[in-house]
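Structure incoming, see below.
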Amino acid sequence: MTELRRTADVGIARLDVDRAARTGTPEVVYAAGKTPEQTVTCLAGLLDAGAGPGGGAFAWATRVDAPTAAAVRARWPEAGVDEAARIAWVGELPAPVGRVLVLTAGTSDGPVAAEVAATLAASGVGCARVDDVGVAGVHRVLAVADDLAACDAVVVVAGMDGALPSVVAGLTDRLVVAVPTSVGYGAAFDGLAALLTMLTACAPGVLVVNIDNGFGAGVAAARIVHTLRHGDRPRDQR
Amino acid sequence: MTELRRTADVGIARLDVDRAARTGTPEVVYAAGKTPEQTVTCLAGLLDAGAGPGGGAFAWATRVDAPTAAAVRARWPEAGVDEAARIAWVGELPAPVGRVLVLTAGTSDGPVAAEVAATLAASGVGCARVDDVGVAGVHRVLAVADDLAACDAVVVVAGMDGALPSVVAGLTDRLVVAVPTSVGYGAAFDGLAALLTMLTACAPGVLVVNIDNGFGAGVAAARIVHTLRHGDRPRDQR
Amino acid sequence: MTELRRTADVGIARLDVDRAARTGTPEVVYAAGKTPEQTVTCLAGLLDAGAGPGGGAFAWATRVDAPTAAAVRARWPEAGVDEAARIAWVGELPAPVGRVLVLTAGTSDGPVAAEVAATLAASGVGCARVDDVGVAGVHRVLAVADDLAACDAVVVVAGMDGALPSVVAGLTDRLVVAVPTSVGYGAAFDGLAALLTMLTACAPGVLVVNIDNGFGAGVAAARIVHTLRHGDRPRDQR
Amino acid sequence: MTELRRTADVGIARLDVDRAARTGTPEVVYAAGKTPEQTVTCLAGLLDAGAGPGGGAFAWATRVDAPTAAAVRARWPEAGVDEAARIAWVGELPAPVGRVLVLTAGTSDGPVAAEVAATLAASGVGCARVDDVGVAGVHRVLAVADDLAACDAVVVVAGMDGALPSVVAGLTDRLVVAVPTSVGYGAAFDGLAALLTMLTACAPGVLVVNIDNGFGAGVAAARIVHTLRHGDRPRDQR
Amino acid sequence: MTELRRTADVGIARLDVDRAARTGTPEVVYAAGKTPEQTVTCLAGLLDAGAGPGGGAFAWATRVDAPTAAAVRARWPEAGVDEAARIAWVGELPAPVGRVLVLTAGTSDGPVAAEVAATLAASGVGCARVDDVGVAGVHRVLAVADDLAACDAVVVVAGMDGALPSVVAGLTDRLVVAVPTSVGYGAAFDGLAALLTMLTACAPGVLVVNIDNGFGAGVAAARIVHTLRHGDRPRDQR
Amino acid sequence: MTELRRTADVGIARLDVDRAARTGTPEVVYAAGKTPEQTVTCLAGLLDAGAGPGGGAFAWATRVDAPTAAAVRARWPEAGVDEAARIAWVGELPAPVGRVLVLTAGTSDGPVAAEVAATLAASGVGCARVDDVGVAGVHRVLAVADDLAACDAVVVVAGMDGALPSVVAGLTDRLVVAVPTSVGYGAAFDGLAALLTMLTACAPGVLVVNIDNGFGAGVAAARIVHTLRHGDRPRDQR
Amino acid sequence: MTELRRTADVGIARLDVDRAARTGTPEVVYAAGKTPEQTVTCLAGLLDAGAGPGGGAFAWATRVDAPTAAAVRARWPEAGVDEAARIAWVGELPAPVGRVLVLTAGTSDGPVAAEVAATLAASGVGCARVDDVGVAGVHRVLAVADDLAACDAVVVVAGMDGALPSVVAGLTDRLVVAVPTSVGYGAAFDGLAALLTMLTACAPGVLVVNIDNGFGAGVAAARIVHTLRHGDRPRDQR
Amino acid sequence: MTELRRTADVGIARLDVDRAARTGTPEVVYAAGKTPEQTVTCLAGLLDAGAGPGGGAFAWATRVDAPTAAAVRARWPEAGVDEAARIAWVGELPAPVGRVLVLTAGTSDGPVAAEVAATLAASGVGCARVDDVGVAGVHRVLAVADDLAACDAVVVVAGMDGALPSVVAGLTDRLVVAVPTSVGYGAAFDGLAALLTMLTACAPGVLVVNIDNGFGAGVAAARIVHTLRHGDRPRDQR
C-alpha cells in the first residue's frame, strides 16, 4: 500500500490522488463550505493528477449549489450536473455493473435518493429506484418483494419516523443500508428521530449512515457490489 | 362542577375524592417515591371517602413494588395485586364493557402491556391482548386485521424502534394509542427512540403517552370507551 | 382487507388510494419538501383515483405555502384554501357530525389550532373553538366547563410551558388530545418544553402528538368521533 | 467588604468564614462526595471559627446520608438532624421571622419540600407548608388563596409536568420560587421536563432553581424575607 | 379572589383584565407570533378594559419588532417604544419606587438588560444599571460592592459561560436573579451553557429565568420591591 | 413470499419461524427483559418449529446473563454458551464460509467484538480478529493492511472517540461496519460520542450500528458474505 | 496584582485596560452582537488607554463582519483586516517569536484556522500552517512528522468526525490544542460530534476549545510560547 | 519516526511500546472495563518491553479499583498505588521538574485533582495543590495570585457551575487547563454543565479536557513542562 500515497497539493487542499486505487472510490470534493472557485480548483487538481478509477481523468463534487454548478460548467462545458442530487462530475461515467435497489418512504425523500443514485452512477454501479413505499400503506412495501429478490443490496431512504428499514430488513436477506432524512418537523428534530429509529431497528441487518447522507450510502453500496463483482474472493477462513 | 371539589386530607396528601365523578377515573395512588405506609394511608383515605366510581369503596395504586404490595395485602387481605403490572387495588373490579385491543411488539414489552390491561380492568373496560407482533415479521401484524376491526380502540406497546404504531394506524380506522417502552439499549436511550418514532409516525391518528406509561394509555382508552358507551352523545355542532 | 390495497402511480409518488376506506381518512399530500407542481400532480392523482371518502373526488394537502396555494387555485379555481391552517382541498367538504372542542392557551397558538379545525372540517367532524384560556389566568379555563361537557373530545393547543392539558384533563371525562406548539423561546426549545410537559402530565387521559401537528390531532379526534357515530359497536369483550 | 474575607484552612477545605456576614447565609457543608469524617472536619472548622450568623457557633450540612448523620451525632450529641431533608446542624436554630409558603404538587415531592423547610428554619425564617395541591385537581390550588395572601414569598415544589408554578403565579403578587423535582419517569428525564416547564412558565414572576435543590430555594426565600425585615431599605432611585 | 376574574374578549384573545389586581403586573401582550394588527387589537382591549395598575388605562407589549412598533405609534402617537428592549407601552409610566441593580457581563448582553430595565420602568420600580463587569476581569465585579449594598435586589444578565451570578451571589445578601442570554456560539448552545451554569451556581441564593427573558426577570424583581414597599407585611409565623 | 409467514405461538411470543428462510438469519431470542424461563420457552419453540437454517433444529439467544445461561444448559446440556459474547445456542453451528475481519480499538471493546464473532459463527461465517489497534498508535492500524486485503468485509469496534473506522475506511475498498461501544466516561456519554464520530466519518463507506450492538454488526456482515457466496447474482441493471 | 486593575469606561463597556499586563493578551472586542459603532467605540477606548502589550497603542476585534470592517477602516485607514479570519486590528503587529503548527483536516476548516493564525500574529507568535491532512488519507498526517518535531505546540482544526487530534497526539510530544469546527451536517450537529470526539480522544495530551473558537486556541497557544520564551522559569518544585 | 513503532502483543492487547519515546508519556493501561488479570498482563507486558521513559522498566494504570490494586500488589509488592487517584504504578517514579499549580473549586473535586497530581508525579513533573477556592468566596481565588505567578501552568478542577477557570484565566498569563468534574446533581448533568461553562469561558486561554479526566489534564500539563524544560527550542518562524 506504500505506493498508494500520492498527494496533489493545489494550495487550498492536499488531494488524496490514490484514493480510488486504495478504496475503490475516487476522492470527492465536498463543495459545502467552499467557494465555487475552490471547488473548481480541486476538481482541476484531481483531473490533472488522474485521480479517477484506473488513473483516469474523472473528478466529482457533492453538495453542489447553483453558483458552483455554474462555475463547473463554465470551466468544463461537458461536465454533468444532477441538480436534484447536487452532484457534479467531469469525465466519463463508468459502465454500471450490479444492481442496487433504492427505496424511499415518501416523495420528499427524493433529493437524498437522487444523491444515492448519482453516487452509484459515478461509481459504476447499476441502480433501480422505487419511490413512496412508506409503511402507512404497508402493502406498498410488500409489493416490492420481487425487486428485493433481484438486487445485490438495498438502500432505504426515509424521514419522519424512519420505520421503513425495519420492515424491509424482515423481508429480504440482502444488506439493508438505511439513510435517515431531515424530512419532518417538531420531534423529527431534523432527522434525529429517523436516525434513532434506524439504529434501533428491531430487524437485524440494518446499517445506518448520517442524516441526508445519500453519498455515503451510495459509496457503501458500491463497495458491496464491487466486492461481489471483483471475483477475487479471499479464501475461506480456516 | 363546583360541587365536585371535595378533598380528603390525610396528612401526607390531599386526596381528590371527586375525581372519578369529574373525569371518569378514580384518583390513583402513585406508589413510586412513597413508603409502603404512605401508600396504605392514601388507599385507606380513598376508601373512607368513597372515591371509587359512583362513590363506591374502591381504591388503587400503580408502580407498586413488592414491599408495598405486601403492606397492602397485610391491611386488606382481599386486595388484588397484578405483579406484572405493579398495580394493586382494594374493592370490587367493575364489570367490563367495550373492547380495547392491546398489541405488543415483543415479549419484553409485556410488563407495560400488563399495566395497560390492569388499568382497563380497574376502569371497567374489556381488553383483548395479542403479543409479539413486531414489524420485523410484518405478516404477524397483518394477521391481526380481524382484531383491529372488532375493537373500540387500539393500544400499541413497543420499544426499540417503536415502529409498530405506524404500521397499525395504516390498517385501521380506530384510534391508535402508542406506548413507547424502555426496552432496548444504546441509541434506544431508555425509550427516547421509540417515543420520537411514535410522535413522528408517518400514519396519522397515532396518539402518544409517556415512556412505559401503560397506566396513562389505559386511562385514555377507557375514556374513549366510556364516551362511546354512555349514550349521551352531545348534539352535532351546527 | 386484501382488496383495499390499490396504489396509483403518478411517477413521483405511489398514492395510497384506499386509505380512506381502510383508515377513515383519505391520503393527504404533505406539501412541505415538494414543489408546487409535485403537490398539484399528487392532488390530481388522488382526484382521478377517487381517493376521497366513499370513493369520491376529494383530495387535500397540508403545509401549503403561498406558491403552492396559488398553483392549486390555478389548476382548480374552485379549490378551498385555509391560509391560517396552510391546508388546501379540492372537492366537496363532507357535512360535519359530532363536536370536538379546540382550546388554545394563547393567541400565538392560533395557526396550529386552525390546522386542527381545518382537518376536522375536511374529515366531516364539527368543531367548537375557544382561544386564549392559558393557565396564567386559570379562571379562564374553569369558564369552559360547559363546553367540556358538551363535546365528544377535546384538543388542547399550547406552547411555552404547555401546562393547559394537565388542568383540562382534571376537569373532564372526555379524551384530551394535546398539541405542543413551537411558541416561545429559549428553554422552550422550539416546543420541546411543551412536549415534555404534556407527556408527563400529572392528570391521566392526556394523549400527545408531535409539535405543531394540528393535522395529526385533527385526524385522531376525527377517528374518535367516527368510532362513536358509526353505530356498529363491537360486542363487549367476554 | 475587604474585612469580610477570612478563610479557615482545615486541610481538606478553605472555609469561607465570613459568608454569613457577607451574604446572610452561613457557609454550608455539601456532604455529597465527602466522607463522614470530612463533613465532621468541616463542621468543626466552622464552629471553631464562629462562622454562624453574628459570628455565633452554628454550622450545618446538606445532603447528609445516614452514616454521615451518625458521625455528626457521635461528635455532637446535641446536633439536630432532619432525616427527610437530609440536613444536619450544630448550634442553636435562630428564632423565625416572616412567613414563606411552601407548596408541593404531590406527596412524592415531600423530601425536597422538607429541605426547603429545614433551610428556612436554619436561616431563621418562618415556614407554612401545604402538600399535594397538584393541578390535576385545580380546586386544590384555588383553596390556598388565603395562604398566598398571607406570606412573604411562595416556594412551589413539583415534579412530573411541573405545571403548578404557572397556575400559582397567576393567583398572587408575591414572588414564586419554583423547585423542579426528579419525581416521575420516562420523558420526565429526572426532572428536566419540570425544569423546562418552570423556565417557560406562561405566568411571569416565576424564578427557578436546580432540580431537587430545596436548599437553594430556601436560601433565596430567606434572602427575600431578610431584605424585607432588615428595615434598612435603600433610598428610592432618582 | 373570586371577583378578580374579569375577561375581555377581543375575538383573537380573552384578555385577563384583573391580572394587575391579582398579581401586581398588568397583563402584557406577547407580540412574537402575532401580526401588528393583533397586537394593536390586544392593546386596545386592555386600554378599554382598564387593565392597568389601579384599573388605569395602561397597556404594554414585549418582543415588539419594527412593524409592530410602527403600528402601535400609528394608533397611539403618544405611545412609548424602547427599541433596544423591544417593549412598547400606551399610557402613563408609574413613578418608580425602590432600586434594582442590573448588571451585565458584556456589552452584547445589552438588549436583554434593556428589557429588564423597561419592564421595571413599566412596573414602577427604580433601576440602576452597570454594564460589562464580566469575571474575566474580576476586579470589575468587586468594584460594584457599593451598588450591591444599596439595592433591593440584583438582576445579573450574562451569556457565554454565565459565571457572573455565582460571583455576585457570594458578595451580597440580596436576592440575585440570573438571566442567561443567547450571546455566544458553539457550545454556548444559544444560551443553554449559561442557563446550566446559573442553575448549578455554587453560591446559593441565585434564581434563574428563561434564556433572554429580561421581561420575566423584571417582573420578578418588581414583585420583590412591591412586597417590600407595600408595608402590609404578614404577621410572623408562630 | 406468502409461504414464508409461519408463526409459532408459544404463549408469551409469536415466533417468526420462517425468518431464516426470508432473511438468511434465524429468529434470535433477545434475552434482556425476559426471565430465564421465558428464554428457554422461546428457544424450545424455535427448535420444535425447525426455525434454523434450512429448517433445521437450531436456536439461539443474545444478551444472555448467567442465570439464563444456566437455565439453557439445564434444559439442553449440549448447548453452547459464549460468556464473553453473552450468546447461547442449541444445535449444530454451521460450517463457516468467507472471512470477516473484526478489529477493536482497545481491549475494553472485547466483549462487543466477542458478540460479533459469536454471531458470525452462528451464521456460518468465518472471522479473523485483531485487537487493540487504536489510532493513538496509528502504526498499529497500518500493520493490518494485509488482513484488510484478505477479507470480505471489516467490522470495527471502538469506544471513546470512535476514530478508528475513519482511518480504516481510507485504507481499504471493503465495506466497513462500525460498532460504537459504551467504553469511556464523561463526554463519551455511554457511547454517544463514538456513535456520532462514526456517523460523520470523513471517509465514506462506513456504515454504523447501534452502540454495543455486536449482534447487528455480525448479522449485517453475514448478509454480505452470504450474498457474495450464494453465486446467484442478479443480472446487471440495464 | 492590585495595580493591574484599571478600567476604561466608554459608556457601553468597561474596558479591562490592564488585561495584557495581567494575562499576556490584550483585551479583545467581541464584535458579534455589537453594532459597528459600538465596536469602533470600544477599539478607540482601548487605543486611548494604551491597552496593548507594554502599554502600547494596539487594539483588535474578532467576529468582524463586512460592515464592521468598513467602519473600522473608515475610522483608521491604516487598520488591518483579515477577512477570512474576521479579525481587525489597529496598531503595529508585534514581531513573531516561536512557532505554532496549525493543521486542518479539510479545506472547509480554513476560516477557523485563519482565525487561529491571525490571533497568533496579533499575539506576536510565529505560525506554520498545513491544510487538508484529514485521516481518510492517513499518510497525509504521517507526512507532517517533521513539522511536528519543529514546533512549540500544535493546533489541530477539524470538523465532521474530528478524529485528527487523536492521531496527531499519538505522533508528537508537543501539546495538542484541538478546535472542533461546525463543518458537516446531520449528526455532526453543528460541531458537537467533533467536540465530543476531541474530548474523548484516546490519545492523552489533547486539550479542547469551543466549536469554531480559533481565537481561544490562538490565545492558548500564544500563552504556551510566551511561557517558553520569557526565560523567567519558576524554580522547580521541591 | 519509522523506528518508533514497536508493538508488544500480549494476546489481549497490542502494547504501544514506543509511545514514551514518541509522545513523552508512556503507554498507560486503562483499567476500567478490564479484569484485574488483564490489567496485570498489560502491565507485565509494558515492563518486559521497557516501555517506560528512556526505555526503562516503568508501567502504570489508571481507573484502578480495589480488586485490581490488590492484584497489582500481589504481583509486584513494591508497586505504588494512589487510592484517591485510582492510579497504580510499577517502577521508579522520575524526579520532578517544573511546577504545575492544581486548584480545586471544592473538596468534593479532590479525587480528580488527585488523579492530576499522580499523573504529574508519574510524568516527572512537580505539582503544587491548593484546594477549595471556589468563586462563591472569590477572595479565596485572589489569594492564590502568588502561586499563579510561580508556576509553569495551571490546572483548575471544578464541578457544579465550573466557573473557576474563567476567573483564574483573567488573573494569569499561564496556560489554564480546565477539568470539569461530575460533582453536583440535577442540571449539573454529571458534569455537562461544568464542561459547557469551561468551553465557553469568557476569558481566553482556557483549554478543556473530558469530565473527570484528571489523567488527560496531567499529561497535557506535563507536555507543557517538558517542552519548556527540554531546552531544544525550535528556531523562530521566519
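Labels for the chains are A, B, C, D, E, F, G and H, by order of writing; each one numbers its residues from 1.
Assume a residue touches a chain if its C-beta (ideal position, glycine included) is under 8 Å from a C-beta of that chain, and two chains touch if they have at least 3 such contacts.
Everything numeric here is computed off the predicted structure, so don't read it as measured data.
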item	value
Interface copy of E-G among A-G, E-H or A-B, judged by whether over half of the contact pairs recur	A-G
Copy pair chain E, chain H: interface residue numbering same or different (half cut)	same
Relative to chain D, chain with the most remote C-alpha centre	A
Centre distance in Å when chain C and chain D are each reduced to the mean of their C-alpha atoms	45
Centroid spacing, where centroids are CA-atom means, of chain B and chain G in whole angstrom	57
Cα-centroid distance, chain A relative to chain F, in whole angstrom	24
Two or more partner chains touched - positions in chain D	16, 19, 106, 136-137, 142, 169-171, 186-188, 195, 199-200, 203, 210
Touching pairs among all chains present in the structure	A-B, A-C, A-F, A-G, B-C, B-D, B-F, C-D, C-E, D-E, D-H, E-G, E-H, F-G, F-H, G-H
In the complex, chain A residues that touch chain F	1, 16, 19, 22-25, 28, 96-99, 126-128, 142, 145, 150-153, 169-175, 177, 195, 199-200, 203-210, 215-216, 219-220, 223-224, 226-229, 233-238
Residues of chain A touching chain G in the complex	5, 7, 12-16, 19, 27, 30, 32-34, 38, 42, 180, 182, 190-191, 195, 210-213
Complex interface listing, chain F residues touching chain G	105-106, 134-138, 141-142, 160-163, 166-167, 169-171, 184, 186-189, 192-203
Chain G - residues contacting chain A, complex	106-108, 110, 130-133, 136-137, 139-140, 143, 183, 185-188
